[in-house]
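Notes for the one structure printed next.
Which chain is which? They are A, B, C and D, in the order written, and residues in each are numbered from 1.
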Amino acid sequence: MTDTSDLAPELDVSEWVGEPSPLESLRGRVVLIEAFQMLCPGCINYGLPQAQKVHRMLEGVTVIGLHTVFEHHAVTGPDALKVFLAEFGIQFPVGIDRHENDAMPVTMKRYQLQGTPSTLVIDRAGRLRLSHFGKIDDLALGSILGRLLDEDHDANPDAS
Amino acid sequence: MTDTSDLAPELDVSEWVGEPSPLESLRGRVVLIEAFQMLCPGCINYGLPQAQKVHRMLEGVTVIGLHTVFEHHAVTGPDALKVFLAEFGIQFPVGIDRHENDAMPVTMKRYQLQGTPSTLVIDRAGRLRLSHFGKIDDLALGSILGRLLDEDHDANPDAS
Amino acid sequence: MTDTSDLAPELDVSEWVGEPSPLESLRGRVVLIEAFQMLCPGCINYGLPQAQKVHRMLEGVTVIGLHTVFEHHAVTGPDALKVFLAEFGIQFPVGIDRHENDAMPVTMKRYQLQGTPSTLVIDRAGRLRLSHFGKIDDLALGSILGRLLDEDHDANPDAS
Amino acid sequence: MTDTSDLAPELDVSEWVGEPSPLESLRGRVVLIEAFQMLCPGCINYGLPQAQKVHRMLEGVTVIGLHTVFEHHAVTGPDALKVFLAEFGIQFPVGIDRHENDAMPVTMKRYQLQGTPSTLVIDRAGRLRLSHFGKIDDLALGSILGRLLDEDHDANPDAS
């Protein structure tokens, strides 16, 4: 059994566009979370297209988007996001990271993300195995996901 | 002198972001107008990057953006557009096509555009020489602009 | 122990450019073999660049080239190949597939390759796990290699 | 009439693959000459694909290849070149630059080329208007060719 202190923090989402997908419901799956903002050029140019490709190509991986708005809140609210997702053909569920009294939303702070796009990978046991800010090559990302797909989480040496 | 009946219709713009640039003020210049919507994937992926490249590379060509919103008006207003232009580093002036009582804005109708992105090219005499919907190859666009740059509009055989 | 009947056939190479790398010497390693011809456009445009990227990015994978000439033999001999490899900066060892009395070389026939480029992947136990003719996406290839990198070949259920 | 001292030097070609195309026969045409070597990565990756695109897209431009071998002569002779041109689908005529007693061939020296790929552009009056070593953007090249296509060489101010 995995020590719960090792678990990746749960997503704190104010609204899901598509199927609600809390991490707790995804134990046993390899999960890729693409943290993005809808008006961030790097997210549109490479982060989201790569997440879509993982969603399309790697059956064993569950892909989730996380809209981590930390700037331009007024023009990137839920209504704008829904138009964006439809126009760009995003097929996977997207959670809207919750805001409290801060520009930076809650989950983004929990994961100490430096900006967008950021790519997070969670293993079958629910542990964070990658947190990458910026561009990551398809070959490198594929090899990381492939290793986790093959991994038997009960047999993992550092699980108890 | 050019017969005014040959002139490309003036842009009907409710607000300029950047230097106001009515066509009338640009006689004698070759002008490229990139008609786009800020949440249109083709505009972001190739239309606007190409217009930025023309702006950067071809000194003799004046580049203007035209925000021809015909869908999703609520989330692509002037405030959202300004954020978009800043985030994507658009350096040329952008006019917001005026709305009356129709989803399709005024200038877009005048030019009978079929959608976005559309690339319009106006010659030194103020006449419309290209109206292209969708992707156009850099080599082809470059050769069209090169021809117009070289053209002496007073000597033009069909001008009187 | 792996049944030797499961082993990928050995490479039959008339000359190595770089370190001789028979498969037998690579047990315990994940191996990618890029079968190519030096005047094949698909090999130059995507097969070899991808193999170079694997060589550069994925430490655990041993990359080998295999020059499987089945056409234009007169102009793609060892001297031409060596110039090609130097000009294109190929860093990994390349074996020249042996010819007998046939246009198609020996190893190419053993592996029943359909053409070039073909990408072969061998696991740590020496078994062929992928034989792909034509283009394969970086993400897909990365995930296959990642799975094999993680795999403990002694623990593999179908090994005895 | 153009002063012959202004004319681009004639190509000195030992053999043509395809239609012989001396510059003298092309007066009145805009001509693009792609100087390349068959085992030069930049030529294969961008120089020749761009020349093929000009050939396909810009009707008014005559495209010629010039095989300016200055290294690896032994493996890039006429037989190897013909295989290369067939495999890479080169549709335009290619002249083989003549060798005398020097590594660098005759036409390459006449034009003082620095290396391959080099792109040369000749106007309708037979004058050299561009000599570019290395990569040139499609938009920039298109605009140069467009200007020359539009140019009336008899009316050209510096022609007499």
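Operating definition for what follows: contacts are C-beta pairs under 8 Å (C-beta built on N, C-alpha and C of every residue); 3 or more make two chains touch, one makes a residue touch a chain.
Note that the structure is predicted; figures quoted are calculated from it, not measured.
Q: Taking a step as a move to a touching chain, how many steps at least join subunit B to subunit C?
A: 2
Q: Which chain has its C-alpha centroid farthest away from the centroid of subunit A?
A: Relative to subunit A, the chain whose C-alpha centre sits farthest away is D.
Q: Please compute the C-alpha centroid of subunit A, do the same for subunit C, then give the distance between them in whole Å.
A: Roughly 35 Å separates the two chain centres.
Q: Which residues of subunit B are in contact with two or more other chains?
A: Subunit B, residues with two or more chain partners: not present.
Q: Classify the inter-chain contact topology: is it line, ring, star, complete, or other?
A: Topology of touching chains reads as a ring, each chain with two neighbours.
Q: Mind giving me all the chain pairs that touch?
A: Listed by label, chains in contact pair as A-B, A-C, B-D, C-D.
Q: For the complex, which residues does subunit B have touching subunit D?
A: 50, 53-54, 57-58, 137-151
Q: Within the complex, which stretch of subunit C touches subunit D?
A: Touching subunit D: residues 39-41, 44, 72, 74-76, 79-80, 83-84, 87-89 of subunit C.
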